[in-house]
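In the two complexes that follow, chain A is the common piece, with chain B as its partner first and chain C second.
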Partner chain A sequence: MANDALTPRPPLPDGRGGEPRVEMLGISKRFGPVLANDNVDLTLWPGEIHAVLGENGAGKTTLMNVLSGMYQPDDGQILLDGQPAVIKTPIDALEQGIGTVYQHFTLVPNLSVIENVVLGTKTGFRLDLGNAERQLQTMLADFALNTTPQTEVRHLSIGQRQRIEIIKVLFRGTRVLLLDEPTSVLTPVEVEGLFAILRRLREQGVAVVIITHKLDEALDLSDRITVLRQGRKVGVLDPETLAASDRETSRLRIVELMFGGRPSSEGSDVASGSAAPGETLLTLSAISADGDRGAPAVKNLSLDLHRGEVFGIAGVDGNGQKELGEVIAGQRRSTSGSLAIDGRTLTNQGVSAISRAGIGYVTDDRLGEGSVPGQSVAENAVLKTIGLAPFSRKFWLNRKAIERHAEALIEQFDVRTPSASTQLTLLSGGNIQKLLLARELAMKPKVLVCNKPTYGLDIRTAQFVLKTLREQANDGNAVLLISSELDELLDVSDRLGVMYNGELVAIFERGEFDVETIGQLMLTGRRATGVAA
Partner chain B sequence: MTLNGIDVTDFLTAMLATGLLRAVPLAIASLGDVFAQKAGLLNLGIEGMMLSGCFFGFHAAYKTESVVLGMLGGIAGGLAMALLFGFLTIHLRVDQVLVGLAITIFAAGLTGYLFRDWYGGQNVAANVRARSIEIPLLSDIPIIGPAIFHRQIIFYICWALVPVFAWLLYRTRFGLNVRAVGESPFAADAAGVNVIRTRYLAIGLAGVMAGFAGAFLAVADLRIFTIGMTVGQGFIALAITMLGGWNPWRIAAGAILFGMLNALGDSLQIVGVGIRTEFIGMLPYIGIMLALVVLAGKTQLPASLGVPYARGQR
Partner chain C sequence: MTERARLSGMSLTPLVSSLVAILMAFVIGGIFLEATGKDALEAYRILIDRGLLSNTGLTETLKKMAPLLIASSGLLVALRAGVWNIGIDGQFMVGALFSAVTGAALVGDVPDPVMWIAAFAAGFIGGVAWALIPALLRVRFGLNEIITTLMMNYVALNVTAWLVKGPAKDPKIVAPQTRQIPLEHRLPKIPGSDVHIGLLVGLVCIILVAILFRSTVPGFMLDVIGRNRRAAVHAGIPVATLMVVALLVSGGFAGMAGANDVFGVQGLFKGNWNPGYGFTAFALVYLARLNSLLIVPFAFFFSFLLVGGDSMARRADVPTYFIELLEGLMLLCFAVAVYLERRWSQRTARAASSDPATTSLAVAGESE
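Entry: the complex of A and B
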């Protein structure tokens, strides 16, 4: 076990150069018909941050899982410090100093922070938490986490959990740190904090791998960039190349590598429609609701949504956006106020009444409430409509119809899956998201509420999703888009509201969007001038 | 003071003594099952493991005339069933409910068959006597003296296991692994915990304890075997485990409460209050039902209870 929190073993003289820390050679991994990794090479140097990029389903997670011992490659070899390494289980990887922060969280919610951190370490039969606790205290301080080691993890915010994940890995003394989409769930401030930590680790000679869908993050942070496409490594941008070319050139090069010669859907056809807003579809009057812990999360919020518009909700995570979405979807009871759809009052009428009235909802918790992970893609595709014709008649399910419907969605949204009968959890993160969105849109909702619909999506797919939302509005429906990505909100919204501490503190019309002011409002709830909206 | 001609002190002493005696096998089996459930194994085979413990414990005691070997025989009987459960559910990933029920039915059939074959189905007593000790001074206290401080050695051993198991669950690496594995096996695996081994150890411990509980019944307490003699006590233990929130202390309390209700029923019959015996016999089960109703929703099942694990199948 490491004696000092952030000292990797063995200490390197100056951290950089020398021989590669890890060499993955000719790695191949097949899942049934899908060749997730096809003869991939990856070299990691000490003291370097290496970004691995690629579209959804490109095989990034698979490659990391091979290195972390979660998957056994069908072919290929791994060298550690030049020597062939045997990595058959996660234990092997951990013992050789390879630590992983997985795409989906790997903390046990009911255990305390300290229990999570010592879980799996080998220090005798009796748990000696005293020693570990002293060490953990310094690390918590180091990472600016003001929580106690005894706090149960389920009480922590996502950003805090993320840092605990990293602490957990560093606690064992890590020489190679793998991070699979660590920033997707973080707020910008938290992302900055994470990057500071990663840069510090780089100084200390750790080899860091980061997977991300945000090109700017990769370009800001990394020394070397590897791009995967359909399981193959299609290019590496080494430090010299990156230093020699300006950001825009690098960006274009990467996008070209990621998507090959295929036409890019990038472009600003997502820009808002200019048609004058139509009649009101959704009315919220002075709605209030409590959060999971009983404290008020949405406070006295009023809002009208009109035909033909995309209404964006900006805000730092945890300011009541999620709860607002759930109230509209009928998943959360409002404590006061009223909700009307198309003029019909439906306050607290429950999910099915509200969904019949024409509201669609895409949650940000895709594996949790959004889907039944153990079931097939097809079953998940009809999860909400399974009781209706043509999918079921009387008691019988019409398997054919279900499958045909699912296949159409798969085709239309380019969901990468071996078949419609594949178990949902076997899809890559981004492809699960695409399917859930496809499912909601197929129900042709009058009002679609989306919470972070592009989270975890590659840039092309994200553009496609935004475009689809735009079209949804242009077809005479309304969209409420909740997001923590200000850029996409600015691109696609006709009106933009800012939520702060459960209140809608300002609404901007397109044309008066001002990043500075909006940022101010997100962080403080006030305009810089002190004039509250 | 007397009640219907029975001395009240004697009545209370008998009730307390019986209650605690009835509580022992429940507490023991539950303590072990905490580990199975916390590790994500819904052990409906516990009834069969206990019955197997009764028979093989009795058989060993009958042949060797030794209490210790009898208890060991029971433990072996419970463990064998547990390993079968483990192999089917952990290794082959067959549905746990199915396997648990199958094990319970299998154990009933097997012990019934062997009992008829080896003993001709005749009730014979094993020639064993579990030794008792009388704790000086304390055993002179009225009522609780004889009921608590003048008991078989094995009785004390059983209750001493409660703090041992609490320690094992909360203060050891094994306990931590068990708690993690039943909650999120993927997280535990990623942290370097051997999920499969932890689950085997947990079900093994549950089997040992269920077998021990069965042997207590057949060897230390009754000294005979009868077909199907556990009559659902394994399932009661399972319920007590859940109702006790997987906390060894609360489980011990739950077992005592259930044992007491049981003893109260018996005592009331002896005293002869004008209530039908069938109704009195139902008391403890009504108690469990009530507890289930009151506590339902308050307990938080281990998130991966009943879910098999295989690495790489997200």
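Entry: the complex of A and C
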């Protein structure tokens, strides 16, 4: 288990260093039957980027929550600069220089950048805005943020907001920065930007912890990698080890540590089915729809989905993919055009009619609209089918049937949860995602629309999900897969469309996929030759 | 109980906030009394003595529980769905007038139980009718019900006052009031007590609402709407319809509370009669943290406050609005307690929004 407690301290990169900034010793945290952290040690050095890896539910977020004061450990100790530290709340943690950037942001959209950053600082009610503003201005420039302190946060992109989150904690003198899956919401360009910032913080001696499911990111960025499995620390790759072995070896080593000796589902075939596409299941004719702010988001888009195919939608986030999914699901009104399922026109008929006609929709906003806080895993599992037998008869709920159904889904999709009656929002991110997908598949949709279904999933689970989507198509259904991960789209799609600025600018058949061209189309909406498809 | 607590994601610990809030309100209220030269301890002694320990006080307290229970059970339906019905008072008055007129028309001609049922039905219809206007404004123009239901209270006050001067007036009497229901036709007493059966009606209402949320599909859906409206939309739940229904139902219950007071206490409807249960119902439903069965003890407590407060005002020379002040303080302290609870709780940020009471507080803050 913990094998490095006695090993001598490794030298630091660039000879920086001295004492460890944080030592978490023998941390344990239990939630009911689940031992989320089991005697975990974690040492953070100044000027080091430390990646924490592990499968969904391994206990990564819990460990960070212990360090950031969100949870009290049942056992174990935390040393800060060698001194025992008491961290009772996140505010305690902040005051002691430990800042966290959560995956779902905590900024207030209607306040300006400066108000958000200064909100809750020690200065309290009498804000010294002048001074703060000067300081903030430099930081914004440092972070390549092209906004003024007075800009309201709601006008900023996700990537910009995340940087403001980082600025917000740094503004409070953070020397230990914790980031929980910071990249899953970012575009590749934004990821590069974030990494540049993290590297600079490392230069400045900040200890950075990053949780991610993308091994390449971890290997690109971090100096040290800790792997958790089922709550235990199963290994640490220190800087020397990482430097000494090539990327592929490190990769294999990490995967081995993450999943142990359990059988791999990797290598299983997610590639396209070879059968010729069947009859049309979903027809979109010249559909248009507005986005949340009223501007057109989907423009005159036509598309046929056939039995047996996975249709991938590529595109940089915010080019209308989400709105397209919502229109198909009946959640967003189309302003023109028509939608037909299996030959029946159902334009703007609303979610329940459309879902009865056989459309499923896995939202990418799993906490914002996918799950109901305060309700159990079981209740969430039947959110969309509560009115149907066996979950209810006439008006009466059948709690037994609900519970049993949830238990079956938990089993089938390996959802890690203490029980079916645990609140869904308490599960780890990846496990919430698994349940949402399971909920949709249980309804046996003819057409399944998935928006970023693998986001936040560990590589093995992501693979499992893609395989499930493939099977869904092979069983004679259709899948519309919206994703910002080009790799998975290339793997699994039979056809691949690129969305740019609300339009489907190109459709590729499998076999004609050309990464270069697709990338061009995603960024500019046209092919290199300058002619739009 | 544990089953229900588990299913709705609640435990008894949140009650601590409510109890602390009540205690704090008494302390602050006491300081206020002392500061104005009154003897706070003596005042509180009278409050407890008159509201709880004396026989008549206890009877009055139990009687007053009836309208609070009835109105609160309706209000709970609305609040659990995130619908802010601030119009309980107006719906109460219109319901009371409807039931008084119905009773006046039927009394003596039909058996009493038939008349009572008709009167409660009329009260329900009156309350629904009054809630219908804000409901339509919401559906048609998207107007926020917080404002419209509040406005309708003032309209109700004037409209009912006008009606009892004209069309609904007892022609034999000069005063603007409906025809008095003779004592022998009022609601009967619970055997062995001086408390009329309105209390039982109230308890039945609470039980019905508890069943609604525990075991029925509409209750489940209302909860989903209240906890995460976007999730409800995503799930294809008829959000707009159910929210309107919740508003109407809560109006109907407020109207029945009016019928209860006409047939249990007053015997008639007078102009400008507004007991102002709305605010009390609001406070108690919140302190009960939107939990149906917990409403019962809190209704008892607030009823005691209202009854004891009356005596206290007279005997200890305390302003009559002191009880309202206490209620306000309780809500205020409650808000602070909930805030602290969230800050101190070991739950994560995502878990913190799981309590229905705090969730709908957050919903209310959301601009629409």
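Going forward, the second predicted complex is superposed on the first by the 514 of 533 C-alpha atoms of A that agree within 3 Å, B and C clash if a C-alpha of one lies under 4 Å from a C-alpha of the other, contacts with A are read in each partner's own complex, and residues count from 1 in each chain.
Please note the rule applied: a contact is a pair of C-beta atoms (placed from the backbone, for glycine too) under 8 Å apart; a residue touches a chain by one contact, two chains touch by 3 or more.
Everything numeric here is computed off the predicted structure, so don't read it as measured data.
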Overlay on chain A: chain C relative to chain B, clash or fit: clash
Touched partner set for A:L383, first chain B, second chain C, both or neither: second
Which of chain B and chain C A:S352 touches, first, second, both or neither: second
Touched chain A residues, chain B compared with chain C: C
First, second, both or neither for A:T106, with chain B first and chain C second: both
Contacts of A:E115 with chain B and chain C, given as first, second, both or neither: first
Contacts of A:M70 with chain B and chain C, given as first, second, both or neither: both
Contacts of A:S421 with chain B and chain C, given as first, second, both or neither: second
Region of chain B that runs into chain C when the structures are aligned on their shared chain, from 6-14, 24-32, 78-86 or 150-158: 78-86
Overlapping contact positions on chain A, where the chain C interface meets the chain B interface: 65, 70-72, 89, 91, 102, 104, 106, 425-426
Residue ranges of chain B touching chain A (in the complex, touch as defined): 171-177, 179-180, 183-184, 186-194, 300, 303, 311-314
Partner chain C, residues of chain A touching it in the complex: 65, 70-72, 89, 91, 102, 104, 106, 329-331, 350-352, 354-355, 361, 363, 365, 367-376, 379, 383-384, 386-387, 392, 395-397, 399, 421, 423, 425-426
Residues of chain A defined as touching chain B within the complex: 65, 68, 70-72, 89-91, 94-95, 100, 102, 104-111, 115-116, 118-121, 123-127, 168, 425-426
In the complex with chain A, residue positions of chain C that touch it: 6-9, 215-218, 220-221, 223-224, 227-228, 230-231, 233-238, 343-344, 346, 348-351, 353-356, 359
